[in-house]
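Below is one structure, written out as structure tokens; comments come after it.
When the chains are written out, they are named A, B and C in that same order, and each has its own residue count from 1.
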Amino acid sequence: MRKIIVRTTKRKEMVDITGEVQRVLKGLSLENGICILFVPHTTCGITINENADISVREDITTFFSRMVPENGNYRHSEGNSDAHIQSTLSAHSITLIVENKKIQLGTWQGIFLCEFDGPRTREIWLTFLSTNSEINKL
Amino acid sequence: MRKIIVRTTKRKEMVDITGEVQRVLKGLSLENGICILFVPHTTCGITINENADISVREDITTFFSRMVPENGNYRHSEGNSDAHIQSTLSAHSITLIVENKKIQLGTWQGIFLCEFDGPRTREIWLTFLSTNSEINKL
Amino acid sequence: MRKIIVRTTKRKEMVDITGEVQRVLKGLSLENGICILFVPHTTCGITINENADISVREDITTFFSRMVPENGNYRHSEGNSDAHIQSTLSAHSITLIVENKKIQLGTWQGIFLCEFDGPRTREIWLTFLSTNSEINKL
């Protein structure tokens, strides 16, 4: 597998990793297929959302913090249960379509690592499969 | 890739696309494998839920609207931050299993486009990979 | 496809199925590739989270019950709309990376079936694809 390393700087933030994902793909020989993104952590997640107006990700982060408060009468002694819950409410794996050697995304879409218990050094794991082109062409 | 086009009619609604997905698959030569569904938008999503009693999707839509209110002291100036948040709370990619030329779903399951900021014209992108049958047969 | 059968014992609980998934993979000849997990139900889900301290999954289950109350002025007559909503808030499919004949997970990660309307007998469907190794090695 390939790995993207992300150093987060706040307890809660969304970090745009779209460029990194495209860069990893560029180093491979894959024309058409899929790209699997996997988060090997339990207090962060991954999502796709708007990468044009930065206030969108601030609204998402703020909402997640309000919906799942840091101090919420939890049992887990490490004090980061909010982050574990937010991690399950976002995603741990996303599958992207690759065409003509590029990750295919909608006009306004970016790929974000969602940090819920930073700052920390995080990894995103990636693997790629090529499509059996005859199947999708028929 | 293949595309399904959906015209939504309300600001919030869940549209059953199960038949459309099966129809796309029918036009291909794929016997066994996987089907990737990807949503190229940032204010809608995709989910799997009950397609028998229509009130289930009404309950889900109503709950999402109550949990993430339209007016919620957001920063994003377009006034649809609720839809961006709901988009992250649902899913942007789902992977389905194909067997004997059919998408395999549970008895009560349907595939739904979740519109959070309609009415709009939406797309679902699809790609298919065939399973290396010898792996799953051992 | 392969199936894992899980008998849940409570209305809401998270059941660790990591060992079961690794066991299914062990019976196959797959060295490197991906493992698709799919939940064929509409009132349970799947997630990845911490499997070290059991209080983490209790905090997640408790939070989900508080966020989506069992009695919430729903329309669906079967009385389990909370479970349908929680099902959409967790995930129905997760894709894992397989390397050297093992599911690759982070240090603290386990794979969990999320029961939201038990006790019931549940299934997780699995399928596997091998990576075109030359793509990921370049």
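In this text, a residue touches a chain if its C-beta (ideal position, glycine included) is under 8 Å from a C-beta of that chain, and two chains touch if they have at least 3 such contacts.
Please read all numbers here as calculations on a predicted model, not as lab measurements.
Asker: When the CA atoms of subunit B are placed over those of subunit C, what is the turn angle between 0 and 180 degrees, to the nearest 5?
Answerer: Superposing subunit B on subunit C takes a rotation of 120 degrees, nearest 5.
Asker: When subunit A touches subunit B, do the two copies use mostly the same residue numbers, with over half shared, or different ones?
Answerer: Different, since under half the interface numbering is common to both chains.
Asker: Could you put a whole-Å number on the gap between the CA centroids of subunit A and subunit B?
Answerer: About 19 Å, centre to centre.
Asker: So which bits of subunit B are touching at least two other chains?
Answerer: 33, 67, 89, 91, 95, 129
Asker: If we count contacts the way the header does, which residues on subunit B are in touch with subunit C in the complex?
Answerer: Listed in rising order, the residues of subunit B that touch subunit C are 33-34, 47-50, 53, 55-56, 58-60, 63, 67, 89-91, 94-97, 99, 104-109, 129, 131-132, 134-136, 138.
Asker: Which of the residues in subunit A end up touching subunit C in this complex?
Answerer: Where subunit A meets subunit C, its residues are 1-2, 27-30, 33, 36, 38-42, 67-68, 72, 74-78, 81, 84-85, 87-89, 91-93, 95, 125, 127-130.
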